[in-house]
Each structure stands twice: as structure tokens, then as C-alpha cells.
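After this come two complexes, each holding chain A, first together with chain B and then together with chain C.
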Partner chain A sequence: MSLSFANPAGFWALLALPILLGIHLLQRQSRRVVTSTMFLFDTLTPVSVEGRRIERLRNSLPLWLQLAAVVLLACILAGPRWLRRDSSQRVVVVLDSSVSMGAFRDELARALPAHLQTLTRVAARTEWHLLETDPARPTLYAGTELDALLAAAKAWVPHLGKHDFAPTLNVARGLAREAGVTVFVTDRRTDVPAGVEILAVGHPLDNCGWVGVSVNGDRWRALVQNHSATSQTRSWHIETESGASAETSLTLAPGQIRTLGGTLPAGKNRCELVLSKDGFALDDRLPLVRPEPKRVALAVNGDKSWDAFFNHLTGSLPDVDVASGTARADIRLEARAPAPAANPAEGRAIIFLSAPNSTTNLAGEPLAENNPLTAGLVWNGLLCKQTDPFMHQDGDETLVWQGDRPLIFLRGGRAERSLYVNFDVRQSNADRLPAFVVLLNRFVESIRAEKVSFERRNVETNQALEVAGDQAGPPLGMSGGGDASRAPFSPGFFEVRQGDRPLLEGAAHFADARESDFKAAETFDTLEGKSSQMAARNSRDDFLWPVLALALGALFLANWAATGRGPRGVRGGVAG
Partner chain B sequence: MHLWPKDSALRAIQTRMQNAARRVRLPLRNRVWRGESGNWQGAGVGSSIDFQDHRPYLPGDDPRYIDWQAYARTGHYTMKLYREEVSPRVDVALDVSDSMFFDDAKRERALELFFFCAESALQAGSSLRCHAVGTVDSVPWTPGAALREAEWTRVSGPPTLGDLSANAAPAPPALARVPWRQGALRVLVSDLLFPGSPEPHLSLLAAAKGRGVVLVPYCRAESEPDLDGNVELADCETGARRTQHIDGGVLDRYRRGYGRHFEMWKEHARRYAVVVARVAAEENFHDALRADALPIGAVEMTH
Partner chain C sequence: MIRFAAPEWALLALLLVVVAVAWRRLQLWLPLRATCLGLLVLALMQPEIRRLGKGLDLWTARPRRRTA
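Take a look at the complex of A and B:
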């Protein structure tokens, strides 16, 4: 059995020791006493120097008795208990995966051992589990070695933005069970499920950082924000492979967001905006690349009556080229009569119904199916004429209905999927309806996304990446060996390749402003009461407690007698 | 300023001691005294009815004490001698130093002892002389009369203005200035609280066939001082001051020193056949006498 204390706060009573010594050092104000036996006192020593307030500590019995009484009292208040040999507990430590925790790695390295050592002492055997709040990550450690857990925590790197802790904390609670402890390590006060203790290791930081960027051609515009509660002055500059620009000073009021702009260095496809360092480094550097989107080649096939519409449509689609022939086109824009039958298109296309003029409107309200292409689009107000339609075929996937007529549908397999517009847009107001324009854009963008081609773009850290590769080719690979489906966790440049073929050159920047705000960060913990509770559960009372109490009483009595306030008989009488 | 009791208080003390002296008295029994004729057995030949001795007549002897019956039998003049009856001489000296009067209980006990001695001597038919003795001189003093300021100044010297040096010690009573009578019972009422050897003082009490008795009033403030922590001590006689931190250890050493002081007096007193008896101030008068004075013969029961 080993000794533990149910109420370690009781040791605060030891603070009485220096106070007691101070009292003994401090000479009390003398009171004047008239005596007839002064000549007997003349033989005694020491004599205090008159007027001196602090004097040398006297080695007296009352002093030692009082010091011993204080120590004994502290022991009693601390509640010594003996751990049961068969006691065990399970401690589940959950680390907050928010990137803001990265600013407090040193604090975490100091606080975690101290608090967990305390928990170690409240049971004979402790089983440790170390998780992080990213449910996609595996358990960091499970075992009985605290040092191994601390090593795993030291090697751990937070990577998520603002996220929900509850799923992982609920898993941790279930793991700890009723007899265990769940400790959530974070950097600020937060609501946690019942039974979860918090160990917060943060503190407010005066953080300024980049919160966003947009690049249009050679021009870039970046946002920098002061997240602190006080005015901050920083400097910033642009770094490229060949050098750095001059430092520019920047003063931001509390909470202020300022837009900075400039031109990308000539001949350079990548550069980095650098803000002077502060306590949170993730948002101090903003890498960016000159965007180079994948271009989509369009082929237009229609009579002259469609020229105006097609010109208007192609002009509204970004990053597209109008090809001269259909062979190299990624997508065809085609106007086609409904009769005799709408043949499947060869390759991807947007097929528009070309029909004779009609004076009759289609009856009914347009109704959209649940599809990513139509998500969130409002079709009210669409007016279409009653014309002969494309004939419906098995396998068609209708996107928008009007009455029982499929107004817009998809046809064909993945490689030859075409969008059919089953009404004459020239006789409708569709080209002025946002939903219709957005639908066409989404369809073109879906084709662009599936196109295997090189692109260069700016993304946020940990952003999901959709990079189209050759199905028959080797798997996609991220520069540095990471997962090609997500941008890196840390700001920086990266490249996605398929074999030797570069598919994506990107720059990942940190842009989660919620994680950059450290005003609410603080240090506290709720473990103290839990430690006492666990200690009480896993131990039994010290059988010496009554002895300690009696000894304390004896010390008080002895001190009472030694200080001359006790009964005369205790000190002996005077001879004669 | 000496806190001398009012006349009414003195009379009350005197009355109490008159009663007390009927039960306890000074140690006059079992001793041979010299002095004027009286009721106590004297050392010489006198006119009492107690036969003492026969001896041959010598020229100059009082012819009234010739034993004529013996002359008829032997034809020689023979003197029949009877015990002399005398009135014992009792000299009582009261130490009037300030230490005797600084504490109320001690002051009253000192005066009680003084009046007890005087009343005891008077009731025994003794030849009584009283003196007030200070550190400089002594004056004859009638019990019950208040000492005048001039007499205080005469016996105690001019009042001190407070000698602030810690080494200033209280002076002993000027016993050499007391006109002790030969063969007298010399009673000194003093607290003996002054440093130095007791021998010069005891020798004065025992000189000229005198028999010395010292009655020592003391109070609890002296024997068991209730002191703790830092105290500025002021001597009641010299005014000397001393700052002293007092704890249990210091008190223990003080008590040992206090006890040694009186043991020293008693040890030296035995050499001079002087009886030193301590009388507590806080106890009943008879109880206080019974504690020490009665067992060692400083006083005796009247019956």
C-alpha cells in the first residue's frame, strides 16, 4: 500500500510555517512591568536591543512545538489515505485536435505530466488511453506506461479547425467507464459532457495573421486580421525563391481586418506573404501560387438562330475555349430538333431542344429532383413553350420536371454523360433565370473537374482536393508523401502528380479565423476534485488518524504549558 | 511615592495583629533573657520563687539571700540563689525600602508582620523598640504612627530620579545604623531582595548575644511572575530599566535564581543561628506563618 492524500490542498496549511517563524522573528511590543527582582534578571541572557523590531530567531521549545503542531495539522487536513493494492483505474486523455493547440505545445508538455502524475498516485494500477478529437485518427496510445503516453502526446500534432468534440468525448467516456477518468485537454473553457474533466493549458495571445487571399490574374488581395484585444503593430513582406521584398509596417486596431493587395512578382508562379512572428505561427505565412485553372474546350454546333444564345453562354462560362472542331472539344454545345429521335450524343454535350415557335406555355410548376446539379436552385418563374420534346429513354436522369415533362435531364454513362435541355430556350426566359445559368455552369464545372489536366490553384490547409487522374494510370501522389485527397495540414506549397505527370500545383494557406482568436484561451483544470474522489475510491482511511489527532492535542497542551500559560505545577515551584 | 496606608487601615492591621498575637508569638520561650525585671526567666540571679543554686557567701552579696537554716546547720554562710525574672528585649526593624511596598499584598503583609512582632512583644511584656530602616539610616518608630516624609528621606536617602543603567542594583537596608540592644531578640522584617553576601547583615543580627529572626514577606509577582514575551522591566527602587524577552526557559532560570537567593540566605543564617522565614503575601496570615515560620521556630504558638 502506498500513501496518498484525499485533500492535498490541506498542505496549504504549511504556509503557516513561515508565518509562525515571522511571528517569532518579530519582536512583540514590550510592556512595562515594575519589579523588585531586577537584579535576578540581570543574570539572564539574552537582552533584546531596545527599539529593534526584528530579532534573531530564538531556539525555544514553544517554537518547535508550534512548528510540529503546524506540520501535524497540515497532515491531518491533507487526509492521508492508504491505497488499496488491488485498486485500478482507467484514464482516458483526449487531446483537442484544433490547430490552436499548436500554440501551447510547451505548456502542454509541462502541464500534462504534472497532472497525470497526480492521477497516477490515486490508484495502484493505471491504464492509460490517449485519443485526439479527430475521430478519423487512431488511438495515440493505450497501455500502462505514463512515459509512453507523454511521448505520444509530445509527438502529436493538432491539425483540425473548429470541430465538434462531443463524439470523441462520448467514446472516451465509454472507454473510461464509471471507475475511470476522462480528461479533455484543450486551450479554452468549453462545454463538455458530464463526467469529463478539463485540463486547459492555453492563455491569451496577441495574435495577428492572414485570414484569406484571392488571386485574379497577376493581382492578389489578402486579408490580415488582428485577433487580439489590443492594438498591434506587425511588419510584412513577400518572399519568393529569389529573395524578399522590403518590410512594410502595419498597425491594426483590436479586431481590425485590413485588405492588402499587390502584384505577383513577374515571372514567378509562387510567392509567400510573410507577417512578422507571434505566438501562433500557422497564420503568419501565406503561400500563394499564380492560379492556372484547367481550361475546358467547347465546340458549338447550331444554326445561326442559336448564335446569339451560344455566344452569350460561352461568354458567361469562365476558363473555357471555343474549339474549332468537335474532335478536341471537352464538351459540345448543340441545338437539336426533337424529331425523329434524339440520338445519344457522342461525347459530353449540352443538347438544347430546337423547336418551332409555339404560343402555348407548358402547364404546371417546375419541380427539381434532388441532385448536386440542382441543389439549392429555385426554378419558380421559368416559362417554357409547349413544343415537341426529346423522347424519353430508359436510363435518363431527370433533373427538372414541369408537369409530366422532363424539362432538363441527363443521358448517357459517365464518360458520355450529356445534359439535355428539353425546351427551346430561345422561346423561354431561361437565359435570365439564375437557376438555369448556374445549372449549366455546374455541369461544365463537373466536366472540368473530371478532366485530366494540370492546374494550379490556392487552397486552404486540410482542404479536400478533387484531382482527376487517368483511371488506368498509377495512383495519385502528394509531394512529401501525404494524402493526395487533402491539402497539407501546414501552410506551404504542394504538388499532386500521377507518376511523372503533374496534375496539381497548389499553395495551402491557413484561413480558419476562429482558431486564430486566442482571447478566450485560459489555463485551468477541474482535476483536483476528481483526484480526491478517485483517491477516496481507491484507498482507505489512515489508521493513524486518531493518533495524529491526539498528538496534535498533546502538542497544543505542551505549547500551552511551555509558554507559561499552563498550570504552575507543570513547571515546578520555587525553592524556599 | 511611597504608598503608605491611611491611619484607619493601619489601625485595622494593628487590631488584627493584636488578635493574631494571642495565638502565635515571637520565639521567646526556652530562651534565657537579660533585661529589666519582668515575667520571663532571666540569665542571672533574681527574686523569683524558682530555686536556682547554693553557693558560699561572698563579700558584697545581698544578705537577704543568705540561707540562715543552712548557716544553723553548718555554721557557714551559704547563699540561696533564685532565678531572675526579666523582661526580654525585642528590637523590631522594618525594612522600608520601596520593594516592600510596590505590591499591595506584599505591603500589607509586611505591615502585618511588623505589627505582629510589636504586638507579640508587648503582650509578652517585653521591652520593645521599633525601627524603620532604610538604605541610608534608621529611625525609631512607634507602631501605628505614619512615617513622615522627612523620616522617609532620612532613612532612604534622596529619591532617585531613575537610574537608567541596567546594572544599578537595590541597596541593602542600613542595619548597622539600627541601635540593636545587647541580648535582644532582633527581628528584621525585610524581603531581602538585594544582591550581595548576607553575612554582613546576619552578623549584625547575631552580634552582642542577640538572637536574630528575619521575617521575609514575598508576593507571587516575585516568586511566580506572570510574564511572557517582551517586557520592559523597571526596578521599583532604582528605576533601572531592562528590556527582556521572557519565555518558559527564561522563567525557569529566573525561578531557579530566585530560589537560590533565599537558599543562600538560609544557609548563611544557620551559621549565625539566625532564623529566616518566608511569609507569603497572598495567603491567610496564620496559614502563611504555618507554612514556613512556625516549623523552623521563627514564631511559636502561645499555648
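Take a look at the complex of A and C:
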């Protein structure tokens, strides 16, 4: 068993020693005593003749008794405890994966060893676990070596935006169990489940950064925000492979968002907007690429009565080309009579019902099925005429019903999935109904997403990427060896390839304004009480402490006996 | 709420009263001396304050077996 102290601050009581010695250095004030004779006074040496002045320290029994009492009292206040040899604890450290933690790596490197070493002293054996709040990431360290845990924490890089800590903290509490400690390392005050201690290592930063960008043709517009509570001045410029533009000064009021705009450098597909550096580097650089979306080729197949509608539709779809023939088209727009042409279309198509004029409205209210193509769309107000429909086939996936009639449905397998509009659009108000127009756009966009073709676009860091590749080809690969299903965690340029074929050239920029705001960051911890609690759990009181207390009482009594003997005031000392 | 882990040490107070009467020159009735000895007896009795924590999460799990 090793000795530890539950309350080391109790040793501050030893400061009473110099105070006590100082008091004993003072001469005691002489007192006037009225007596009838002086003959006995020759044999008595005056103890003090000059009053309260400094004199030589005299060796006396009360002095030593009082010094011993102070030392004993300090020992009792420090709370000596004996750590049990069989005591063990499990400490689970959970690191906040929010990218804002990246601004406090130095603070983390200083605070973590200091606090965890305190926990090491409260049990004979400590089992360490290091997790991060991203539940998709594996455990960073598990073992009994604190140094290894600290090394893993030093190598760790936070990568997530605002996210929910609760799932990982609940896992950590399960690991720690009742006899362990769960420490959540973050940079600000936050609500945590009961039983989780917080070690916060942040502090407010005067951060300014880019919070968003849009590029339309050659024109870019970017938002820059001052996240601090004071006015800030920064400078910004544009960097390309061949050089940088001149610095432009920028002053932002507290919380102000300003829109900056400009033209992409001629002949360059890449550039970076650079803001002068501050404590949080992730939002200081904003990489941009000149967008080049995948274009969808449309083929139109209908009689002249459909020309106006098809022209209107193709004009409303972005980044599409009208192909002259159907062979090279990604999607066909086709008008068909209800019968007998109800066979599946060859390739992707949007098939519109072409029916004779009718004067009867279709009864019932339109009702949408739960499908990504119809999510959030409102179909009230759609007016259709009662005409002969396309015949229903097994495997059709209805998107919108009106009464018992499938109004809009999908037909065909994945490679030939087509959208069937089962009412005559020309005899309805569908082309003026936002839900219908959005549905057609979503269908075209789904085909664009599945098209295997090169594109160039701007995305946010860690954004999920949907890159279509050749099913028979090699797996997709990210430049730098990362996961091709997500954009990189750090701002920068990247490329997704399938073998030698480039499929996506992108620029990832950081745009999580919540993580850029450090006004609420602070440093504090709730571990102090916990380490005392763990020490009490893993050790037992010094069994001699009542003996020490009784000895202290005996010293009191002895001191009072020594100072109380003889004529009052003659023996000197501090009587208490 | 205060409670004492070792209330038996209260008997020491009675012993000190006897000592004060038997050895009057110790002058244990002086306020500072009486306070010192009173605090000593109180420390030996180990007073404890039970504080309520911030709360706890109560999880209830119900088995989904029909026999439960």
C-alpha cells in the first residue's frame, strides 16, 4: 500500500510555523503587579523588560509543543490515505471530434497529461481507453500505458462538424462502468449524461472565415463572416498556380457577414480565396474549381402538338443538350397514345400520355407515395381530364395516385427505368404546378447522377459524394488515397478516378459556421471532485488518524499546563 | 443533512469535562481552549454532509420475449 493524501492543500497549515516562531520572537508586554515587599525580586531574572519588541528566540517547552501541534494538525488536514494494492479503475477518455478542437491542439497536449496523471495516482492499476465522438471511427487506444494514450491523442485529428456526442458517451459510460471514470474532452460547456466528467480546453478566439461560396459560370460569390465579439480587420487575395492577386483589406463588425464577388482567373480551372491567418486555419482558405457539370442529352419524340410543351420543358432543365437522334441520348421525351403502345421504353425516358380531348375532369384528390422523387411535393390543385390510361403492368411503381388511377409511375429495371405521366399534360394545369416541374427535374437529375462522365464541382469538406462509375471497371479511388465516398476532411483540391479515367475534379471548402464560432469556448474541468472521489473509493483512511487527533489534543493540554503554571504572565509563551 | 460516522467519540467530551474539573489550572473553560477541544471532538466524530448529485439517467429495458 502506498500513502497518498486526500487533501494535499492541508499542508498549507504548515505556514503557521513561521507565524508561531514570529510570535515567540516578540517580547511579552510587562505587567504591573502591586506587592508589599521587593526582597524576593533579586533572584528573579526579568523575562521581558522592553515590551513588544523583537528579541532572541528562547528555547522553551511551550514553543516545541506548539510547533509539534502545528505539524500534527497539518498532517491531519492533509488526510493521509493508504491506496489499496488490489484497487483498479478504468478511465475512458472521449475526444470531441468537432473540427473546432483542432484550434486547441497545444492546449489539449498540455491539459491531458496533467489531468490524467492525477487520475493515475488514485488507483494501483489503471486501464485506459481513448475514443472519439465519431462512432464510425475505431477505438484510438486501449491498454494500461498512459504514455501510449497520450501519443494516440497527439496524433488524433478532429474531422467532424456539429454532431451528437451522446451515442459515444453512452458507449464510454458502459465501458467505464460504476468503478471507472468517463472524461469528455471538448472545448466548450455542453450538456453530458450523468456520470461523465468534462475537461474543456478551449478559449474564445477572434476568428473570421469563409462560410460559403457559389460559382455561376465565371462569376463567384463568397461569404466571409466575423465570428468574434469585436470588430476585426483582415486581408484577402486570390491564389492560382501562377501567382496571387493583390491583398485587399476587409473590416468586419462583430458577427457581420459580407459577400465578396469576382471573376475566376481566365484560363484557370482552380483558384483559392485566401483570408489572412488567425487561430482557426480551416476556414481561412477557400479552394474553388470552375464548375463543369455532367450534361444530359435529351431526345424529343412527339408530334407537332407537343412541340410547345417539350420546348418549354427542355428550356427549364439545366445543363441539358437536345440530341438529334435517340441513339446518343441519355433520356428521351416521348408522347404516346394510351394503347397499344404500353411496352417498356428502350432506355431511359419520360413518357407522356397523348390522348384525345376530353371534357370530364378526373375525380378525386391526388395522393403521393413516399418516394425520394415526390418527397415534400404538394399535389393539391392538379386538374386532369378523364382519358384512357396507360395499362398497368406488374412491377410498376406508382408515385402519384388520383383515385384508383396511377397518375405518375415508374416502369422498368434500373437501366431502363422510365417515368410515365399517365394523364395528358396538354389538357391539365400540370405545367404550371411546381410539384410536377420539380418531379421532372428530380428524375432528370437522378439520371444525371447515374451517368458515368467527368464533372467538376465545388463541395463542402466531408460531404458525401455520389460518383457514378463503370460497374465493370476498377473501384473508384480518391487522390491521396482517401475514401472516394466522401470529400476530404481538410479544405483542398481532390480528384476521383476509376483507373486512369478521371470522373470528378473537386474543391472541398469548410463551411460549418457553427464550428467557426469560438465565443463560447472556455477552459474548465469537473475532474477535481472526481479524483478525490476515486481516491476515496480505492483507498482507506489512515487507521492512525484518531491517534494523531488524540495526540494533538494531548499537545494542547500539555501546552496549556506548561503556560498556566506559576504566576500569571511570568512564564511567557503563547497560551491560546 | 449532517450525520456522524463515529458518534462514539462524543464520550470524549465528557472525559474532557472531568479533566477540566480535576485540573482547574488548565483553564479549559476559556473560550479559545474550549473551542479547540470542541472542534477536536467534532473532527473525531467525523461529520458528513450528504449532498444530492446533479441527477442520474434511469434506463429501463423490457425483454421482448413473450414469456417475460
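Here is the rule we use: the second predicted complex is superposed on the first by the 472 of 576 C-alpha atoms of A that agree within 3 Å, B and C clash if a C-alpha of one lies under 4 Å from a C-alpha of the other, contacts with A are read in each partner's own complex, and residues count from 1 in each chain.
Please note the rule applied: a residue touches a chain if its C-beta (ideal position, glycine included) is under 8 Å from a C-beta of that chain, and two chains touch if they have at least 3 such contacts.
Values in this document were obtained by computation on a predicted structure and should not be read as measured data.
Regarding the shared-chain residue A:Pro62, is it in contact with chain B (first), chain C (second), both, or neither?
Touch partner of A:Pro62: chain B, not chain C.
Can A:Arg540 be said to touch chain B (first), chain C (second), both, or neither?
Once the two structures are laid over each other on A, A:Arg540 reaches no partner at all.
Would you sort A:Leu557 into first (chain B), second (chain C), both or neither based on which partner it touches?
second
See if chain A has more residues touched by chain B or by chain C, and give me that chain.
Higher number of touched chain A residues: B.
Using the touch definition from the top, say if A:Ala549 reaches chain B (first), chain C (second), both or neither.
second
Applying the document's definition of touch, where does A:Met38 land relative to chain B and chain C: first, second, both, or neither?
In the superposition, A:Met38 contacts chain B only.
Check chain A for residues that touch chain B in one structure and chain C in the other, and list them.
Residues 561, 564-565, 576 of chain A touch both chain B and chain C.
Mind listing the chain C positions that touch chain A in their complex?
Touching chain A: residues 6, 9, 19, 23, 25-28, 32-33, 36-37, 40, 43-44, 53-57 of chain C.
Could you please specify the touching residues of chain A with respect to chain C in the complex?
Residue positions touching the partner: 76, 193-195, 546, 549-550, 552-553, 556-557, 560-561, 564-565, 576.
Going by the contact rule at the top, pick out the chain B residues touching chain A in the complex.
That would be residues 98-99, 102-103, 166-167, 169-170, 191, 193-195, 221-238, 240, 242-263, 266, 278 of chain B.
Any idea which chain A residues touch chain B in the complex?
Listed in rising order, the residues are 27-44, 46-50, 55, 58, 60-62, 561-565, 568, 571-572, 574-576.
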